[in-house]
Structure formats: C-alpha cells, structure tokens
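Written below as structure tokens is the structure these notes are about.
Chain lettering (A, B and C) follows the sequence in which the chains are written, and residue indices restart at 1 in each chain.
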Amino acid sequence: MTQRTLDEPAATVAAPPAAGPRSGGFARWWRDVVRNPWGKPRFLFLFTMLYMIWSLAPVAIAVLFSFNSGRSRSSLQGLSLRWYTGDPIDSVFHDPTLRGALAQSLKLSLLTTVIAVPLGVAFALGLDRWRGRGSGSSNFLMLLSFVTPEIIMGVSLFIVFTKLLSLIGLGTNAQLLGLITFEMAYPVIIVRARLLSIGKEYEEAAMDLGASSTQAVRLTLLPMLLPAIFASAMLVFADTIDDFIIARYLSAGAGTETIPIRIYDTARATVTPALNALATLMLGSTMLAVVAGFLVYRYLTKGERREGTALDSFAAQM
Amino acid sequence: MHEGAAPSAATRRRRAKARGDEGIRYPRWFWPSFSIPGTVWIVVLFLLPFYAILSVAFGTIDPIFGTAVPVWNPLHWNFASFGYVMNQTFLIGGLYRPAFIRTITYVVIAVGASLLIGYPVAYFIARYGGRYKGALLVGLIAPFWISYLMRMLAWVNLLQDDGLVNKFLLDLHLIGAPIHWLDGKPYTLVFGLIYGYIPYMILPLFAGLDRIDGSLLEASRDLGASRTRTFMHVTLPLSKQAILAGTIIVMLPMFGDYYTNDLLSKSPTTSMVGNLIDHSLNSPQVTLAAGLVVELTILLLLPMLYYLYATNREKRLRSAA
Amino acid sequence: MHPRERRAPRVWSRRDFLKRSAQASLAVGGAGALLAACGHASEGPPPVAGISPSGSISANGGQSSGLPYPLARPNSPVTWDVYDDNQAIAPGLNAEKGATLQLFNWADYIWKKTVSEFAAKYDCKVQITTFDNTDEFLSKMRAGDVPYDVCWPTPDMMGKLVTAKLIQPVNHSYIPNLGNVWPSLQDPFYDKGSLYTVPYTIYSTGIAYRTDHVHTPPSQMSSPYQIFWDSAYKGKTFILDDYRETTAMVLLKHGVTDVNTGDPTALNAAKQDLLAMIPATNVKYDVDDYTEIPEGGAWVHQGWSGDMISAQYYLPKGVPLSVIGYWFPQDASGVIGSDIIAIPKSAKNPVLAHLFLNYMLDNKVAYANFYNFNGYQPPLNSIDVDKLLGDAVPQSLPDAIVRPEDFDRGYQLLELAPTIDALWHSIWQEFQAGA
C-alpha cells in the first residue's frame, strides 16, 4: 500500500558486515545468541520470535481456513479445495466476481510493471545525468509523489478522471494511469541508488572504443543496472497487486474491482472461505513473483557479491 | 535513430578532450530526453490532480445533486465550502474536530507502540542476526508481500465473537464471556493500526541499525562503557535518523487510513479523518472531501518535506564520507 | 402512451446551472451551520448564507417554482419529461449479441440463479456491481459514462435521475410483464405511466432484533424505537447506512409523521437524538442487517422487511429460525416503500436491459427470486399476500409481510428539495463523524 521508505534502496547491494558471529552452524548461533549468559540477547531473541509469530501467524491461519471444507472461518471442518474450485457457485473458480477480481488484479499489476519500470528507469538515468534547468524540480516532484499519502493521490486522481479527463473516465485505464504514477518512483529511486555506485568509467570506455551514446547506454549501463531494474520490477508488481485506495477510487464497477476491493467490500458482511481463498491466491502470485525475482536476481548478481549474501542483498532491495 | 547526426561521437569526444572538458560526452539533448516522459507524466498525473483538487475544494456545487462543480479559474475560486471545512475542524464544537483529535491520538499511540515494539526487533536482527540475518529479514519483509487488507481480514476472522482469540481466552479462563472485539472498540482499531503498519517502521530501523559500524560499539565497550551506556550514547544517537524515517513513513499513510477502521470497528465513535474523506467522496459532497484532502495535505506537507530534506542530507553526508 | 408524445422539456441553460450551483454550494456549507445554530448557537460557525431551508421552498409542493425538478408526492404525482436527446429505444430490436449485461445493484439483492438463468436464456454474460447506499449509487451514476445497463435506484431520486438524463425512458413494447404488477404500481405517483422505471420489490423499514438477546420485544414497548437507545444492547445496536431512513426513524420516534420534513426545528431535534445514540449504544451503521442479525453481530438492527425474510439463509448451523425477530407497526404507521429498476442512459446493451426488466417481472422468475434468496416481495398480482406466512415468510415474522393497503397508511421517503436534502445530509454526516 502506501508505506514506502526512501531508505531501503540505499541499503547497500552487497551485504553489510554482520556484527554477530558469522561462522559455525545453527548450534553455534544458538549457543552464542540464544543461550547467551548475559541474557539481553536472549530476551531480544524471544521478543523477536514472538513478534514474528504475531506478525505472520494470523495470515497463516487465514490461509489455512481457505482450505476449510466447511463454511465457517473460525472452526476447521476438514481440508478441501472447495473454495478454490469445488463449490459450483461460491468458489473462486466459479464465482465470476471473485474470478474477475483475480484477473483484474493480475492484469493491473502486470501492465503497471511493464509501463512504470521502463518509464522510471529512463527517468532515473535522466535525473542522474542531466543537471540542467528543471531537473531539480523534476526530481523534487518525483520525490514528493513518493511520499504523498495514497489517499491524497487517490482522491485527486478520482477528481481528475471524473471532472477533467472524463474522456478517459473511471475504469481500467484510469486505474492503470493512477497506479503507474504512484509506482513510478520506485524504479527511479532504486536505479538511482545503483547508478551512484557505477560511475561513468564504463560508458567512457565504451565510447572510446567507438560506441555511440545510445550504444553506450544500451551496451554498458543497462546490463549493469539490470539487477536494480529487476528488483524494482518485483517491488512494483508486489506493491500494485496489493494496492487498495487508488484501485478502488478509480474503479468503475464489478468488472474493474481488484482482490483488495473485494476483501474490503465483503470482509464485514457475509463471508465464505472463498474470500480467504482469493486472498491466498493473491498471496501466492506475489510470492511467486518474489521468488522468481530472487532467483533471477541471484543469477544476475552472481559475480559481484560474496557467498551466501544473495538473500540479504535482495531483501535489502525490497 | 540519431546515430547519423554529425559530428560523429568520436569527433565530439576529441573536441571535448581538446577543450579539457572530460564530462561532456553526450549530446546536450541526450539525457534530458530521458527525463521528459517521466516529467510529463508526473506533471499531468500528479501536479495537475493537485490543481484539480483545489478547483473542486474552492469550487461550487451542482444544484440538483449537490455534487461538486470545479472552478478552474483561480480568480473565481469560492472559499465558502473550504471555510466551512476549516471551521468544522478548528472551532470548538466543530463537526470534524473530534475526528481530527481522534486521528492524531490514535496515530501518536500507534506510532509510539510501533517504535517500542519495532526497535528491539530491528536491533536484534541487525546485531545478532548473524548468518540467519537474511532469513529473519525475509520474515520482516513478508508482510510487504501480503495485502494489508488480507492481514486485516485475518484479524477480523480471529476477533469474531466465536473467533479463535475468544475461544483461546475462554479456554484459558481468562475471560468469562466472549469479548466483542469488533463492536467499535478504539483499542482494537489502534491494535489493527500497529499490526498493519509496524513492518514499515521496522525496516528503516533495521537499515539504520545495520549500518552502524560494529567497531564503534566495541570501542565503546573497550573504553569501559556498560551495555546500557553504549546503547544510550552510541547506538541510540546513531539510529536517530532511522527512528525519524520510520516514524514519518508510518505516520503519513496512517493519517489517511480509513479501511482499518471500516474493517475492525465501523463505529462512528472511531471515525478517523480518512473516514470523513471516504464518506464525503462516496456521497454528493465531493467538495467537502476535496476540502478535507487539502487540509490534510497542508497538515502533512511539513513532515513530508522534512523527510525529503532529512534523507537527502543524510545521503549527501554518506556519499561524502 | 408513447414517450415521444410527451411535452417539450424544460431546458436548463448553463448560466442557470452555474447560478444555482453557487447557491447550492452556500447551502451545503450553510446547512450544517444552520442546524448548528439551532442547537448551540454560540458554538457553531456563523451561517454562511441566508437560504432558509423551509421558507423559500415548500417541501411538499409538487412542481413549485424555483426547483430544478418537481417533487413527486402521492397526492401530487409526476409525469416526467421525455427529452429529445434522451428517447426510449425503438421497438422490435434484436438483443445484443455476445454482450455482458452490467447490473448496478445493492449487495445480495438478486438471486445468483435468477441472473445465471437470464444469461443462459439470452446467451449473454451478466456482471453485478454493488453499492452500499443511495449516496454511493448517485455519485457513481454521476461519475461520467457509467458502464451499467440496468440499475436499481429509489423513487426518492427520480427528479435527479431524469433531469440530469442519467436514466433512459423504457419502451413498454419490450415489457409486457408490466401487466403482472399491482395496478397502483403500474402507474405510480413517482413515475406516472412508468415512463422511466418498473417496480422491483416492496418493503417496510422496522426493527430487526434477536429474540434470544432482546429482553423486551419492540411490540411490547410503549415506544418501540426507543430500543436503539437502550444501553443493554451497547455494541450490538445498528442502524441502516441510509441518511433518509435513520433520520426518518428518529422523527417517527418523536411523533413527527412527515418523514420528508424540511422543518429545521424538527430536524435539529432528530439530529440531537441521533447523536445521543452514539454514547448510549455505541451504534454502528450498515445495510447488512440480513447477515448481522442471523450471525449475531447485531442484536438490534434497524432493518428492512425483505432482509429479515432472507436472513434465514444466513443463519449459522444449529441456530433456530426463531431467533430472528422483526417489528413493524401493526397499523403500518412506519416507513414503507417500493424499489424500482431502471436503465441508465449510457447503457451499452439497452435491448438486453429491457428484456431483463421484463424478465424480472415474470411471475415465476420474480417469485423464485423472492422465495429462494431475496426475501423482498415483488408487487405482483399473482402473489397472494395472505398465503405468504409460513410459506415464503417464516411463521415468526408476520410483520415482514407488506400488503397493498399498507401503502395507504405507511410513510414513504420522497424526494427532497436540494436545500432540504443538504440539511438531511448534514445530519447524517455529523452522525458519521462521530462527534
């Protein structure tokens, strides 16, 4: 949703040196940290674990209930795929509203990613290398859009598409335009952070070897930016599929409702585990994108990081 | 498409070199052209909407529906509706005043609690995560990948009268009868806000704490400072920036939150500013919604700008170091 | 009665519109101020404009001058204008091929099987978009080129819908089933000749309650509406998410039977009482009475008769039907109404939409929709209301049946003049803000 940090991308691509013990297996870590006689880390360990449980268990339970064979969302009556495919009326597969929401969510996040990322990458390159008149304002506007709370952007976009650009009107097009605006800053910021560590030597070398400016960018800069581009694409995808406010205010009826909108509309009314199933499918899509993203990221950054830190650095990108 | 343009890149570079001007290697239009699509986009779909919202907030109202009629010409702006919104917010007995006070109270409590819970977690992972740091970090980030509304839905399930939380408490004989968590209790809502937003607090905290050089802490310990002293005089001051970042990141969207209230309470006694905006937007009173958004923007502009200023300064300091 | 024969429309010029819009903007700002000024004069903001909510505009007059649209009243029916640029479709057209019929409806207000059978019969797809309240309905309908083919408005917004050309006239040649409807509703006061709408269902607004949690049923209370202020049901009390129904209920509690009043004194008293409900019972609002009552989220819920009849389908396993109670005054001196279906002007599939309207008035289809899912009675001659109890309507809910004669005694929520409408809105807005 709206919450965003400017800090994350700044976290270094290579893993920072860990302060804790590095070598040895789980037993060693356990001995050093958990059974630490000084007690403080032990308390912290417990606290962190409790936090993790508190943070993730409710979601795990919600996922579990999506497989309930009964109608209840509080008592488990056996496991089945009833709410995914089995139920001929109310399952995600058979209920056109739920199926439509899933399709719309996937469509919006894919299209947003495909458009926002190239736009953002170009913007990042431009802002990084172009120091002329107007670049400062451009940069400021982009950063401002990044920290503007989503409700402010959602309401103002709603007004634009109903009062000013009514030719476009509400619906998929409006949702897409709004989401791209909201997400574009991610690739800009992540790619710019990466550009800082690259420098201009590579392009200069390429040009010395006779490459044109376009070729220099295409053949040297872009490949080096690929991990950052990829990480930002994953981020945009994961963020868009969860988006609620903009997608809701710019939707035009059942055909353009996304999964979070369905959850919001029905969470307090009569709900079957089909809603949990729908939410689980969304979770699955995001996870799939993130895992795929991680694997590609690990492949792309193979040469430049130390062993075992792919997860750290990928996580730092997110 | 522009490769054919004379003079050739090599010639240009030679000329640049001759001028002793190493930096200029690209045509003047080259990099600006990368910025143009993004700039145009953001002007049309970010800046223009701001103007549109002003035109509605300072506009008039359609006589039949009572819906907003924007006034595009600033010379003809009409401040009656906005004055009404301001009065209702700031005057004693004003309509929106309770919701504003409530929102500020909830946000302060929720942000404070997020910090108190989040700091130890971030600290532990940054300092003692060791080889499991990556895995722990994934646990921290996982909520980013799970829809906020799904996480609230999970709690709606758990907090039902016959939900697992009540069942659990009843089994332990901690309560005699089910607690109606969802009937409009402010603490359920604040709990929801903390639960929903805390990952966004922990991540910048982690990033900040992780950046602290371990040798500084060792030096402090070597010089005889106690753990507590080291924490108070080294770690905490060094993480000030991260605390500030986390606070603002969590605070900004919380001020516009309406869905947490709608899912976990839905009572008018817990209405927040976001709810006022949402209600007005889904009614003929879009003018009032726009007025409230303008007001909220004014209220949040300072923290937004301060955040941008602070991160920018920090970045400059870091790249200078 | 062919639509084209109607008299020439009154045309609104742009300037008229702007002038009025400026006035209205003052009125919205002023409405709350006026109410506030009535209540606690010293605290409220100064009134912005001097438009009297009751003085200049008569709330009950039919086509009184100065109003953008006539106000339909049972004793002053309205035959709506049909505009040159908003005509009914020609007769005898073929249904659109491969279309997706878009419905814009309240949530759970039509049986899925009714819809899927229509889709099968006419070889199309059907998609339903839902809204929560009439405000949301109007604001969505106003948001430009709406994609809906069929919509479910309420009679109290006819003037707005027709004047702003948001719905199109219906061509009766496609709707022979209109003859199945009660004669009174074939030619209703809010749309003489059914030029723009056809009836869907009828309902009353009463008190829905849990018989196993409520100590004194409303029927045995001297002032049944007082139940909404009874702190015994704190946290379990709901009213409808509807700016008209809620204030109307408080007016009735106060003995004000003009549920369309523009009298600031009566409205202010109602507002104060409505706000008093918040500390008394921590009241909440939604239109989910049909699930909140059977599932136990609410013990007392301002409710619609049809929602209580359909509530039986949402009872959790093991909960007996008898826990659902519904009260409506024996003499029908409560809020009563009829719901309608219309076709938005921007409908992409107007022929299918006409066929759908006709389909919903088919005796068998309408009864199946009512009996199996919806719970709201269709006003059809073929349904004998005296035989409903114990069959379509659970034995324990006699008050939920709506009879034709109830319309003679009940109070209907009717269209308000814009300034008065703003006043009503400001009450609801203040309630929602949870002062």
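Heads up, the rule we're going with is that a contact is a pair of C-beta atoms (placed from the backbone, for glycine too) under 8 Å apart; a residue touches a chain by one contact, two chains touch by 3 or more.
If you're wondering where the values come from, they're calculated on a predicted model, not measured in any experiment.
Undergrad: Line, ring, star, complete or other: which describes how these chains touch one another?
TA: Graph shape here is complete: every pair of chains touches.
Undergrad: Which two chains have the most C-beta pairs in contact?
TA: A-B
Undergrad: From the C-alpha centre of chain A to that of chain C, how far is it in Å?
TA: 42
Undergrad: Averaging over Cα atoms per chain, report the distance between chain A and chain B in Å.
TA: One centre to the other, that is 15 Å.
Undergrad: Touching two or more other chains, which residues of chain B qualify?
TA: Chain B, residues with two or more chain partners: 266, 281, 286.
Undergrad: Could you list the positions in chain A whose residues touch two or more of the other chains?
TA: In chain A, residues 268 touch at least two other chains, as defined above.
Undergrad: Where in chain C do residues touch at least two different other chains?
TA: Within chain C, residues 142, 286 contact more than one other chain.
Undergrad: Could you list, by residue number, the parts of chain A that touch chain C in their complex?
TA: The touching residues are 72, 89, 96-97, 100, 161-162, 166, 169-171, 252-255, 257, 265, 268-270.
Undergrad: Can you list the chain C residues touching chain A in their complex?
TA: 100, 102, 104, 107-108, 112, 125, 127-130, 140, 142-148, 286, 288, 291, 295, 314, 316
Undergrad: Within their complex, state which residues of chain B touch chain C.
TA: Going by the criterion above, the answer is residues 59-67, 69, 78, 80-81, 83-84, 87-88, 91-99, 102, 161, 180, 182-184, 266-271, 275-276, 279-288.
Undergrad: Where on chain B does chain A make contact in their complex?
TA: Listed in rising order, the residues are 2-3, 9-10, 13, 25-27, 30-39, 41-43, 45-50, 52-53, 55-56, 68, 70, 117, 120-121, 123-139, 141-158, 160, 162-164, 167, 195, 197-200, 203-204, 207-208, 210-211, 214, 217, 227, 242, 245, 249-250, 252-253, 255-259, 262-263, 266, 274, 277, 281, 286, 289-290, 293, 296-297, 300, 304, 307-308, 311, 315, 318-319.
Undergrad: Help me check something: in the complex, which residues belonging to chain A touch chain B?
TA: 1-8, 10-11, 15-22, 29, 32-33, 38, 40-41, 44-45, 47-48, 51-52, 54-56, 58-59, 61-62, 65, 73-74, 119-120, 122-123, 125-127, 129-130, 132, 134-135, 138, 140-145, 147-153, 155-160, 163-164, 177-178, 180-181, 184, 188, 196, 203-204, 207-208, 210-214, 238-239, 241-242, 244-245, 249, 259-260, 263-264, 267-268, 275-276, 279, 282-283, 286-287, 290, 308-312, 315-316, 318
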